[in-house]
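Both of the next two complexes hold chain A, though its partner changes from chain B to chain C.
For the complex of A and B:
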């Protein structure tokens, strides 16, 4: 059945592109893109990669091709993906090839209908976010129907129903939930004519999402007694949000709630879930400050209650820790703990004006950030029932209290300065604490405390040629100890790029692992095509984008990546 | 499955051969920095050239590109009337930091917000930085993925040609 759909849709796209496009009012357009990432692996005894661990898997490839046909208000498209086999670090369940995404869409004025697969987000995503992140191997597109309408000026309504992608598994036998969602958003300034010219702008919104997965009752053993529990088939989640803008002030707040949803991730407790995500900022020319607060309590919301991985996420819980961009600083990235966490973050941006004593000719840019995330303050529901006991309400927790367990803490300061048309630099210092036991699930390992220093210097030789140098050092007594990193980049605008890099784990407590991780890369860009080649060793690590992380094992070999669009 | 594979591969190849090199900006519903709905077909500059630059707050080359352009933007505007739309793909994690960041850096651009990559994907891209130049008739005449020091001067050469009414040669 599904195959028939692909063929039918492909046929429509093909025929329209070939035969009919001239006949349509504006003439159709076909465009698309493809990405090809491949890696050739080699043995590396020091990393423990031998012929027997490779076991013949010396090649990995992730690739896709996207084609979209548009004609006026109508569009249709599909994406073909191939993982033959998936690159190391990507989920093995991706192995294979096929068309996991196709759609047809009609979007005219105030009505927008999509059938097939689509991506969608309600508010901040606390109850629903469906998106694709190629670099992470994440795709939870929804296959179904979506309708967006604008019934009045300033009122936007979205409704959808469907099932999520889960690798290549077809939806069958209740293997995952059917999702239904409704979201409304009201722009009060557009709706209420008196407010149209007000300096204060207010947007309010609300969402409702329900998932339906038929689950057989389960039995649990506690204190030698066997209890039989019914697992709810329908689980509802809802959220309300506000965005208030007045001059330089901006307030964003969203609160979400989920009714009882026992799952393998929360150890089958029946507590309701909730999440609060709020931020307030003030900004003016040259200065900006933002404070963010977040509380997540048992708010994992998944398409399959038996799946613990990100792959079945319906919602998105944005992580709070500062996102870093330099390689050693990304060694300890924070990932949201869906079962519960509470945290705050503050960030200040300040530019010392141009032509002042400290600002120099070009101004000097500063950034300060601080974040702190702890466990929830949990109490037993009954004195004799341990916290998180299966089949109970799990725990009680005070809404505003920070728990005793520190999950993450960081402080960072960054200076970005252009000295003259040839030289510019960025300096950054980061101090962080990372609870590797909780975040990476390494029981008993001590809290990682690290200081990281970074210098990034660019020298522009002339209009086309530039050199960039990075030096980074990470000091820590825990985990893999001290690291340093040096990198030299040479670019010839707008086509060529060369770089050599070495990360050296000189302080690893295991002397055999005091290794150099060297990489040499070259890239060529022309218009919409980019080809890059790199050769070397890659350290084991977490790669995170947005809120999702994937563990990449150490490897050694040659990588090639091609991206192009037409 | 094998049949589907061949058919799709065939379609991809044929499409690539007959695809138009020039395309227009797709119509996608995104938002302004203030959270107001914005359809990308509203991207307009009264017949003068437009730059659309996709960026992310935590993308080093993106910030470098936009900082470099911000410094010369007055001059570019005076000479060619160009307008730059900086489309942030920051999701809920960093989206709310975009406004304080942009104002603290005094970026003079039109800022749009595309947190779920709807616009970026409709432009057939996955990664940032991605920059394209649109001519006065709304046709995308040049793309560039990635950013290296000095690329903005290359972009500006194209913008000057457009402003002078010259054709951009297909490469």
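For the complex of A and C:
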């Protein structure tokens, strides 16, 4: 792989130097970044971690380094990754090391060409998004060619073709799809001269993505009779979008559709998929409001129809639930349901002005948010065919109706207040309902209803030293019951951070699991390098980024993390 | 630039034409010929290892697929249910106190990196470039392998003493063609008809979410000669018409019902772990 990269790099540098010798500057720059995360695991009988379950796997390590070379309009780079073996909770198929990402790029005037690996997103990602998320262990970069041009003023076109990364598996024998995509975006105010000075700005766009995978059709049993699915080799998805801006007003809407795409994830149904994502916001000094609506209907779009994991996703379905930050608030994160969901979300920001009676000297910030996500309202396609039956259209659904099954609800209010130069605090209350049956696949388990209270207080001792204290409490009668969390952090700016934390599951209905999850951490920062060490227990749970989640098993041990950039 | 724009737009148009999409019309499935198993002395038999756990809600659906396959393929399909991983952990109290985990099962679970359940291995052989298969792939994988000619023949001879519960097993392996490489024979004990609770999310099959009187079938109880068995040759070619003999013994655990236990033996290639033949015999004739 590395040899291929160097050959490619040498070739492109040579060609570029000849073809664009005029204006190709001498010299260049190298920059990059590096991450090393490792953990030493130990047994913990109360968590069910024994020598037998560890089975010799007492160490895990994920690491990568990006190196990017730029010289004028030309850039090239690579990323080396090592998982020896992967940290607990990361997909074991990552085990190994190598260079899964390298590229060469020439970006001059209105033409931008990339060969090798690249990341790309069309619109909101409803039909195509390739990205990397280190915390999730997710990387679906595309290996191929990409061309971006600006043929007219205000018109941007992207075209690409390639195959996605799937762990370390090389692309061969149709093990995943070849993806071809075209995206156009028009800034109408730049294209139409009369609109150039208008306060209203309009951007429209459209995308078309086609995947090609020729697979052996699978058969299935129905009452001991074998049937074989008809599988389309080419599946297309397309989308249209608009972005309208006027003063503080912003409308962003995108609708996507996908033709028949039977897969393991949708139980091999042949219904067309569709997705609608809309966001309307208004903001002015001290006030903002965002309203978001989303409807997803059979919109999983994967490089391999037989893979039901996130790893082969071609598209991205933006999350609707609030992305919380505090640890107990992240205990029940919402994971997007690609087979179907409908929901709305609203958020209001308001800052009480400075020097008012309620605002005080520094003002007071308030946030209110509410979200609601339900199942689709499904009906049978034929009276005698059950909903979601394999080898059929699956179901019909009314576009605007909410289904009966609640997936997620939350209401949150947050106050952020600086009292004086020494003291500031954040208070937050969250009320949520979480369908653990659907979201985590725990059938029959009751809806989790939780109240979460958070207090985050910072006392600045002097210019360099500060103490921060967090207290959180989660009240629930379902799942693992009640929790409290306390954390004390001492920072000596800008170098040192020390913290101790305990999450205590005092209300677990299983008394043996009423455990303390304690952690002590220290971090040191110098320039662009950060080293941190932590020791303690980690509770089992979901980690979600952008509605994509992975399960993290409980663990106990010593962790080290190093990040650096240059 | 204008010329370039024209070329680019023309290329983009052609590109769009090339990106086809296949719109299908009903019916979306094709009925296949009925299967007529043709068992015989030299018929290939296939081993399906089903990875499961009693707290895995999706697993009864997987077991139903395995059961249906067994109905169709009869003796040509041998099923071993490996209870391992997160969903197989027993609870200290409550419904799920049974522990069907085994040392061999946990080792296999780790070795094959089973991440979610139910999953299966069919002869530990890749199907569509995947080794660990979802339940939808078991049938076509089994079907594909059964279409291949047998490469070996296994014969299980055993003696069981019900008083001492000692079980002596001899496995004769006869290769049907000359083959290179090292081969090993593994022998497992499985048990049927174990009734204990199972999580379930498929109300078409049984009670949800807890199916309290669920009958577990083909449960792996132990690997008699170790997880990876014992080699039958030492890297030299195996020859046809030569019987390679192997033997092992075990005293059955008192908790196991001997009349529900079966011996499962299989021969596999050491380098790829691919199983080339399998055989099953009940402990009590």
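The criterion applied here is as follows: the second predicted complex is superposed on the first by the 530 of 566 C-alpha atoms of A that agree within 3 Å, B and C clash if a C-alpha of one lies under 4 Å from a C-alpha of the other, contacts with A are read in each partner's own complex, and residues count from 1 in each chain.
In this text, a contact is a pair of C-beta atoms (placed from the backbone, for glycine too) under 8 Å apart; a residue touches a chain by one contact, two chains touch by 3 or more.
Every value quoted in this text rests on a predicted model; they were computed, and no experiment measured them.
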item: Joint occupancy of chain A by chain B and chain C, clash or fit; value: fit
item: First (chain B), second (chain C), both or neither touched by A:384; value: neither
item: Touching partner for A:228 - first (chain B), second (chain C), both, neither; value: second
item: Where the C-alpha centre of chain A sits as vertex, the angle toward chain B and chain C in the overlay (nearest 10 degrees); value: 140
item: Partner chain(s) touched by A:197 [first = chain B, second = chain C, both, neither]; value: neither
item: Chain B versus chain C as contact partner of A:91, first or second or both or neither; value: second
item: Chain B versus chain C as contact partner of A:400, first or second or both or neither; value: neither
item: Chain A residues touched - chain C or chain B, whichever exceeds; value: B
item: Where chain B and chain C come nearest after superposition, their Cα distance in Å; value: 20
item: Interface residues of chain A shared between complexes with chain B and chain C; value: none
item: Chain A residues touching chain C - in the complex, by the definition given at the top; value: 48, 52-53, 55, 57, 91-93, 95, 110-111, 147, 149, 151-152, 157, 159, 169, 172-173, 175, 180, 182, 208, 210, 215-216, 218-221, 224-230, 232-236, 259-260, 262, 264, 268, 270, 306, 308, 391-393, 441-445, 510, 512, 553
item: Residue numbers on chain A that touch chain B, as the complex places them; value: 3, 6-7, 10, 13-14, 17-18, 29-35, 65-68, 70, 75, 78, 80, 97-99, 107, 112, 119-121, 124-125, 129, 131-132, 134-135, 148, 156, 187, 201, 203, 243, 245, 248, 250, 252, 277, 279, 281-290, 292, 316, 318-319, 323-325, 347, 349-351, 362, 365, 416, 418, 458, 460, 463-466, 468, 491-494, 497, 523, 525-530, 546-547, 563, 565-566
item: Contact set on chain C toward chain A in their complex; value: 1, 4-5, 8-9, 11-12, 15-16, 18-24, 26-35, 57-58, 65, 68-69, 71-72, 86, 89, 91-92, 103, 106-107, 110, 113, 115, 128-130, 134, 136-137, 139-140, 143, 199-201, 208-210
item: Of chain B, residues touching chain A in the complex; value: 1, 3-5, 7-9, 11-12, 14-16, 18-21, 23-24, 26-27, 29, 34-37, 57-60, 64, 67, 71, 91-97, 99-106, 115-118, 121-127, 142-146, 148-151, 153-154, 171
